[in-house]
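Sharing a structure here in structure tokens format.
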Amino acid sequence: MKSIKLLAVFAALMLVLAACTSASETTTTAAGGGEQGSLLDTVKARGTLNCGTRDAFPGFALLTDTGEHVGFDSDFCRAIAAAVLGDATKVKHVDLETADRFTALQSGQIDVLVRNTTWTAGRDGNEGATFLTVNYYDGQGMMVAADSGYTSINDMDGVIICVAKGTTTEGNAAAEAARLGLDWEVRPFDDTDLIQQAFLAGSCDGWSSDSSQLTGLRSVYPDGPESLVILPEVFSKEPLAPAVLDGDSAWAQAVNWAILATIQAEEWGITSANVDSFLSSDDSNIRKFLGGTFTDSDGNETTLDPGLGLPTDFAYQVIKQVGNYGEIFERNLAPLGLERGVNALWNDGGLMYAPPYR
Amino acid sequence: MTPPIPKSRTPFYRNVRFISWSFQLVVFAVVAAFVYWLFGNYQRNTASSGIPTNFTFLGSPASFDIPGADFEPTESVRNAYVIGVLNTLRVSIVGIILATILGILIGIGRLSKNWLVRKLSTIYVEVLRNLPLLVIITFTFLGVVLQVLPRIEDSWTPLGIMVVSNRGIGVPWYSGTSGLSLIVVFFVGVIGWWLLARWRHLVADRTGQPARAFWFGGVFFLAALVVGWIVLGGRIILPMVDGKRIAGGIRVDPSYFAVLIALVIYTASHIAEIVRGSIQAVPVGQGEAASALALSGFQRMWNVVLPQAMRIAIPPLGNQYLNLIKNSSLGAGFAYFELTQVTQVTVGNGSPAVPAFTLALTFYVVLSLITSAFVNVANRRFKLVER
Amino acid sequence: MTNAALTGRPARLWVRKNLFRTPLDAVLTVVFGSLSLYVLARLALFVFVNARWEIIERNLKLLLVGRWPADQLDVLVTSVVVLSLWGGVIAGIVAGRQIRKGTSVIAGMTPTQRLSDLGRRFGLVLGTSLLLLLLTNSSGPWLMAGLMLVGGVAGTWSGRRIGVRFLSPIVARAGILIMAAVPIATYAYMVSAVPLAQWEGFIFNLSAAAAGIILSFPLGVVLALGRRSKLKLLKMVSVVYIEFVRGSPLYVLLLLANVSLEFFVPASIAPSKVIRAMVTFTIFTAAYLAEIVRGGLQSVPRGQEEAAKALGLTPAKQMRLIVLPQALRNVIPAQIGQFISLFKDTTLAGLALGIFDLLAGAGVITQQDDFRGQGLIIEALVFVGFLFWVGSFTMSRESQRLERRLGVGTR
């Protein structure tokens, strides 16, 4: 019996492999990865930014028929490129699947991950990622058909919920059902279009995802947005933040301030249209921020370099080429029907707050 | 003075056995070194990122739901794997049976005397065979399951014993008897089948009547099952619509349905070609002889041509079965929780990728080897004994 | 048989004989006839009336070449024209050799017969190309297609001139080397212009399939020889490799390559997704090719090897000069079959690795602002499926033709 012989050989191989695996636990080798230069220098030398994003996510990152990336996340990729390289077009958008986004970061395939990614402790720790300033505060919600009669997720018992695969959404839905003592059957799909078709055909009762995404999908629903209802409950916190690899604080700071600059600019009312007029602002803080000159304590005309490793005019470049936070939001998310909500500025009742630039 | 004649002994480096063994050892050493290098990298990299390399993740809670299965998110990853394996087997075995039946029918259809049947069979084979399976599954999911099947509110209930909707198909299922007594009944049936078959063959040998052992035995087997079960107090549970879902009986998941249909129609197109080739390989005289004996068209095909054709078809059929089993991994993209989907989801939830995928691959390889062992046995059993 | 049937006109007779021979036949004809009419009507209604092909029209370039940089399109055009010239030359040489040996089928055909023969073989591909060209609204693709056609015809013409001549072995060897170098040089030219990681759309499917089949060939032959070898250790390594890979689903191997390759190779050489996919395809296909080549080796009569041995050739030369050429020639159709199956399987890379291939492109374009949420995935899938079908169907028919010519299995 040839096959049986093969089976035996195979079993022996597996045993050897298992033995090797268990042996490896006793002889844990020391971690590699010695002192290396910062990604900041690498990116500057390379002249392009490899930004991990995706290609089919309405509002956040989308591939148009001309092959360009548009969306909220894509604009933040551009903002980082504008800050570091002085040119917002020097971005290579790398499309990633949900399952491989952290691997891409770990292997150095991308410099920064701006892919609608929820900041969680596990990802901060286990995946070796460092999350930076949150650029969108989201939460998971539930969308149902308007004629289903559901007004709260508490009404939904013994139902089928469709979600996207490999996201935190999947686990959240199961956890929420357990918490409320409801019996939900959670069906994960690879593709948003598949979920939509399943939902349209009445194969699922609820569609659970981040509220921002649900709003976007509702706005273009074939039967009109009024045929769908997003239930009031938001049952998880989903802070979406860019991430870089652990252990490179110079690069992390640079990326962080590129994002913070968009928030600070909105606070001061600086937009891509009027940024040039602010270069001669009476407010020396604004001039410092935009890389203009000011008189220091010794009476010299100088520019502020806080030592971030970025050009002194990085904020000017970000705002001039990409825009402030409000502009990015209006351009990409407002058309989907999303409102600022908790993503408004701190002095407007929201959570967007930038540390002082000085 | 003549020099002494050197002893004519081949130097060791020209010894054939030495050459062959040293060559082998070099090749083996290169392969081993390469594997060792990969494995060393693996150990270093996992150690530096603190990723576990063992299988302890199997014991931790799965924290995901499996639609259509009796599974809680608090159960272990190991249990999820078991369900994944069972689901792979479920779609593979049913798929193999249905694809064989459909494939044989279409293969015969390709040689039909009816022009329309012949052309339609050819179109079927040429269309399905040349499409990527992934495209076919997406079609069956979007086009068949979601478009053709009704919503749960207007589900079809044929004969009142089934429920058909795009949330699943409810099929009546048994309940109320313990597994052990069922197994006893099953074996009684099998033994009865065997005895009856023996008896029918004896009768056939003595009287020349057709044996029809299969029918006699099969009917007895089914009767034994039904009677035994009722005696043991078994009941049949009919499925029904319970609010938004199907309760009672066994629910066939819509994703299962989509994946199954796609696998069956795709594999059947390949099987049809094998069957056609095998039928054509049966000498024409066999069919003519059967006609001369005044056998009907069906008898000619079923009793004379097909048995000989299937003998030729067994090895390539086995390859198609292996392909079907492996292709069932594509169910992962369509919410069908077979082995690959379970692995993917558990890796997405933080289980270490390499051990998790190694486990899945091991299962697939073992299943393939077992299947080809079966095919080899069948091939040896049915091979024409040449005289 | 009644008199009426015998005296009926040929058409009626044909219908009688082919559609209504027996009552069962009549039932089958009616059932399947009405069913196929219904399906045909539905399909026609969809394709010509209901379907909204605008989504394909607007995204045609994205689906076919992905985000190939606009300033490098001339590289693409040059490459495909060179490749069609190359293909033409090879086809011409083959045809010329057949004429020289007197085995040519086409030599005895009238021009009209030739044309209809070519139409039957490649009409589908030409028609599809024409359809794609009609969907574009710029002149560039037309120009490219024209150049390709000219290149192909010129190549065939000159190839035949070469093929009918008897060439000295040295010239022939040099010619083979040049012909082998052309696709490699073209490939290098394309990669130097646009890195492999940016090969997307249908280009990815085509190039990944081609790379997979070509790269796996040497490995496959070595494995086949290893499996047939009398050297036990060598045989064991080959058998374990072949059986392990053949037992594994390609989709799972791709997933594994996607998430865990960086653990096995140093981070500095962790390749891009496209290379990952190509390497996985190569590893996978090699095992299948090995089995195909093994079948070919078994089909070479023992006497050939024995005769070679009697001539005093070394075992390596016996294999290289006598056995392998015959074996490989016999398995060409099976190799084309493997190529078709790999071509279709390249779609798995889109799902498993997130590569923007033709099928993944179908999912992406249905999320664009103008097309989102309108169920246009069906249109996109029909288009994608059609392209794959035309390619696979044409190749499989060519392979059947070749099989008949080579007479595989009839000896």
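Chains: A, B and C, in written order; residue numbering restarts at 1 for each.
Methods note: contacts are C-beta pairs under 8 Å (C-beta built on N, C-alpha and C of every residue); 3 or more make two chains touch, one makes a residue touch a chain.
What you see is a predicted model; the values in this text were computed from it and never measured.
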Category of the chain touch graph - line, ring, star, complete, other: complete
With respect to inter-chain C-beta contacts, which pair, A-B or A-C, contains the greater number? A-B
Taking each chain's centre as the mean position of its Cα atoms, how many Å separate chain B from chain C? 28
Whole-Å distance, C-alpha centre of chain A to that of chain C, is 40
If a residue has to touch 2 or more other chains to count, which residues of chain C qualify? 243-244, 255, 259, 262, 267, 351, 377
Multi-chain contacts only, two chains or more: what residues does chain A have there? 6, 10, 99, 106, 190-191, 197, 200
In chain B, which residues are in touch with two or more of the other chains? 39, 45, 51, 138, 142, 332-333, 344, 347, 365-366, 369
Touch list for chain C against partner chain A, complex: 58-59, 61-62, 66-67, 236, 239-240, 243-244, 255, 258-259, 262, 267, 270, 272, 351, 353-354, 356, 363-369, 372-375, 377
Flag every residue of chain A that touches chain C in the complex, lowest number first. 6, 9-10, 13, 55-58, 62-67, 95-97, 99-100, 103, 106-109, 190-193, 196-197, 200, 217, 220-222
Residue set of chain B touching chain C in the complex reads 20-21, 23-25, 27-28, 31, 38-39, 41-42, 45-46, 51, 113-117, 120, 126-127, 129-135, 138-139, 142-143, 322, 326-330, 332-333, 340, 343-344, 347, 353-354, 357, 360-361, 364-369
Taking the touch rule as given, give the residues of chain B at its contact with chain A in the complex, in rising order. 39, 43-45, 47-51, 53-54, 63-65, 67-68, 73, 138, 141-142, 145-147, 151-153, 166-167, 242-245, 254-255, 332-335, 344-345, 347-350, 355, 358, 362, 365-366, 369-370, 372-373, 376
In their shared complex, at which residues does chain A touch chain B? 1-4, 6-7, 10, 14, 17, 20-22, 24-25, 28-33, 98-99, 106, 122, 126, 128, 158-160, 165-166, 170-171, 173-175, 178, 184-191, 194, 197-198, 200-203, 205
